[in-house]
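Take a look at the following structure, please.
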Amino acid sequence: MALIDLTDLSYDYPNTCGLASLSLTINPGEFVCLMGPNGSGKSTLLRLLSGLATATQGTYHFNQQLVDSGYLADAVKRQQLHQQIGMVFQNTDVQLFNPTVAEEVAFGPQQLGLSPSEVTKRINDCLALTRSADLRDRVPYQLSGGEKKRVALASVLALNPQVLLLDEPLNGLTIAAQQQMLTLLQQLQAAGKTIIMASHNFQQVQPVGQRFLIFNADHQVTADVTASELATLPDLQAQLMTL
Amino acid sequence: MIPNPKTELPNWLQRPTPPTKIRRRYSRQFLAHNQRRLRHLLRRLAQPAPVVTSNWHLSAQAKLLRLGLMLGLIASVQSPSWLWLLGLMLGIQLMLLPPRQLRYFGRHWLLDCLVAGLVVLPSYWLAGPTTVLFFGLKTSLMLAQALHFRLTTPFAAILTGLKAWHCPNVIIMTLAIAMIYLRMLGQYLLQTTEAMDLRLVAPARHPYHLIGALFGNLYLKSYTYALELYAAMEARGFNGQYVKATATNRWRDYLAVSPSLLLMGLWLFGGHYFGIN
Amino acid sequence: MHIPDNYLSPATCGTLVTAMVPIWTVAVLKVKVQLKRQRETLPMLGIAASLAFLIMMFNLPIPGGTTAHAVGGTLLAVLIGPWAACLALTVTLFLQALLFGDGGILAFGANALNMAVIMPFVGYACYRLGQKWHHPKVGLAIGAYLGINTAALVAGIELGLQPLIAHTASGAPLYCPYGLNIAVPAMLGAHLLVAGWVEVGFTLLVYQFVQKVAPTSLYQTAPKTSQRRWLGLLLGLAILTPLGLLASNTAWGEWGPSELKHLLAQQHLAAQVPQGMAHGFHFQALFSDYAIAGLPVSLGYILSALTAIVIFGLLIRGLQHDPQPKN
């Protein structure tokens, strides 16, 4: 049963196209990498999936429910969607708005009405998983770029979403931190989470990705291949290397 | 779902969280409402109202002068025939707009007038119909004049216009920075509200705390921007000059401003010399 | 609180812009001093202006389902210093008037006085007092509340004075049709009951956040403070402005020699007769009670325009960058 089902989805910005006619199904537990040059529509797709924007044309079903402007206008439905889909922004600056890292991670669980002990447990677990326990009492505003990425992921994980949307999550991380984050994402996928990650660095994501959607500069998806299929297509691999 | 033995994930993360029951409350809608407003602002800043490029191209300083003169005149005159004359002049200016622009103008102008009219309506019972009518006429003329100016003058031109009027560089630079960063901070604010929205999985208990965090962060961000901008300005050898006034077609400017100047002169001296005030 | 065009008479607008000129001059001089300590203040002025713009456009929820917006005058004064806040808010108001049609272009001086001067300075003065008595937050809350309400009161007075100083011979108001008895309670009521508390909540929470997260980025006062003198001057100006409005009215009455009065009144009447329609609205009719028409009004306008130009010229001269000696 498909978790995400897109039919003929398009999105237009006031002057330009953001995404051109995309049809796609994603099943629970998949690890999908969105590849393509800057401005090719990866971030637009993530915004549509998270419910931050609604398609100009076409339909988007999440868990068999049509997500459109009417659905999103309903505060309760919108919040339920946000419980199931978590997103790490490309610019993580905008995502961290609390006075301390611990409060940042606690923000989501507190909304859910969990008990204080449960909230504390989630904070500890998430910070440990993202290897940012030492940042606990720091001010998010003063963290480095890589630290912000880790804290942002921790704060999204604390909500335990079913789907994780990540927009260039590896940018600004050291090689070791990139490896740790990819390992964590693999673990999350193994635990049944669906992961959709945008990147333009093929070398980074090749080891973990199981399915690759390749966007071109005209905001279209030119290829939708599994990792094993991609291994048999050296031309496409070479093309992805030069993104 | 079978927990994967290989993972070191905590238990709660391996089970899906059951959806929480959500109570309806008003407090969350304000984010969505403000997001709409911010998007509208950003759209406007990204593509300022399509500027007319007629062959009758006026310099911004001439437009600024004309705007000032016309507004001053409309505010000062107190006879319907004068207002009529001024309205006529405005009408001629509007004739130069392309049809699409004119329709845009019409829509916005009517809306502005409606709002202004509602505010002044209660005075109908206080001061009588003529006052309200006259006040409404004058206000709508002033609104039209200002809207016409906004429609035909891009922001960059206002800066050159101010420069041509010998406005100090500090002020011009501050205005330019304010416009550029209005867009950047607006974008930042919009994205933060979106990020907040995504993690507001239940009604916020204290929406005002969110607002404190929102604008506290925005201030800190603007402070960072200011430090970066200052460093960049120094690195590029900033010398206090910001905009250069461009040479423009002078006689056209004089010609375009002359009717309003003439009317202003007529209004000031008309009563005395010609008895037509 | 943005006063639109046509609510204030041109004379009021002119007076208030003229009143703002010395304030702006002092603000620029004070900010120049501040620049020596904190060099990033220069770009901060522009950025703070855009911040103020966003604060004013952000709708805050108030119980009951409606919304209001904060102005942030007090908050900005505390964050970047009162003089810098004055300049930043002036730029915001200028942008709003010229580019977004929010607030009048002619009424710019009035709006600047209310929101860029009275609000930040009243708020900041209270904050400093609170700081002195070791309760800066209490001072800030009182400052935010008093700041916005004082500004609203002054706006109400500016509006409410219009029917008194500009009306036809029959007493019909030429500009804002609401007198003091309506304008002041309407402006003040809304702000005392709702907008003031919104401002307090907003100011306190943002201040608290910034203080907790980055206390060093709050405005630090100069070690040697001569603040009180400036504040005194400013308050004096603020008090004088409405008085000046009233005074300008009586001053007109004392100018003209009686022969001229007679002559002009006759001429004025002659011009009046053919325009039956115009009768009730004639501007000179306002002054005809004092039997002054035509020339003194025109002369007065020209003189005020010239004065404004000279003052602006002086201001601009004073602000220009001195030629850098070439090394």
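We just call them A, B and C in the order they show up, numbering each chain from 1.
The working rule: a residue touches a chain if its C-beta (ideal position, glycine included) is under 8 Å from a C-beta of that chain, and two chains touch if they have at least 3 such contacts.
All of these numbers come straight from a predicted model, not from anything done at the bench.
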item	value
Mutual neighbours - chains that touch chain A and chain C alike	B
Centrality ranking, top chain (CA atoms only)	B
Chain pair with the higher count of C-beta pairs in contact (A-B, B-C)	B-C
Centroid comparison with chain B (C-alpha atoms), farthest chain	A
Mean-CA-position distance for chain C and chain A (Å)	49
Rounded Å distance between chain B and chain C, as computed from the means of their C-alpha atoms	19
Chain A and chain B: spacing of chain centres that average the CA atoms, whole Å	36
In chain B, residues with contacts to at least two other chains	29, 213, 217, 220
Multi-chain contact sites of chain A, meaning residues that touch two or more partners	99, 141
Multi-chain contact residues (two or more partners), chain C	209, 213-214
Parts of chain C lying in touch with chain A, wherever the complex brings them together	209, 212-214
Touching residues on chain B, where the partner in the complex is chain C	26-27, 29-30, 33-34, 37-38, 41, 67-68, 71-72, 74-81, 112, 116, 120, 122-123, 126-128, 130-132, 134-135, 138-139, 142-143, 146-147, 149-150, 155, 158, 166-171, 173-182, 184-186, 189, 207-209, 211-213, 215-220, 222-223, 225-227, 229-230, 233, 239-240, 268-269, 271-272, 275-277
Of all residues in chain C, those that touch chain B in their complex	4-6, 9-10, 13, 28, 39-51, 53-55, 57-61, 65, 67, 79, 87-88, 91-92, 94-95, 98-101, 104-106, 168, 172-175, 177-178, 182, 201-202, 204-206, 208-210, 213-214, 217, 264, 267-268, 270-271, 275, 277-278, 280-286, 293-295, 298, 301-302, 315-316, 319-321, 324
Chain B partner contacts - residues on chain A that touch it in the complex	14-15, 50-52, 73, 75-76, 79-80, 82-87, 89, 91, 93-95, 97-99, 107-108, 110-113, 118, 121-122, 125, 129, 141, 155-157, 159-160, 162, 187-188, 190-192
Contact set on chain B toward chain A in their complex	1, 3-4, 6-10, 12-17, 19-20, 22, 24, 28-29, 32, 43, 46-47, 188, 191-192, 194-205, 210, 213-214, 217, 220-221
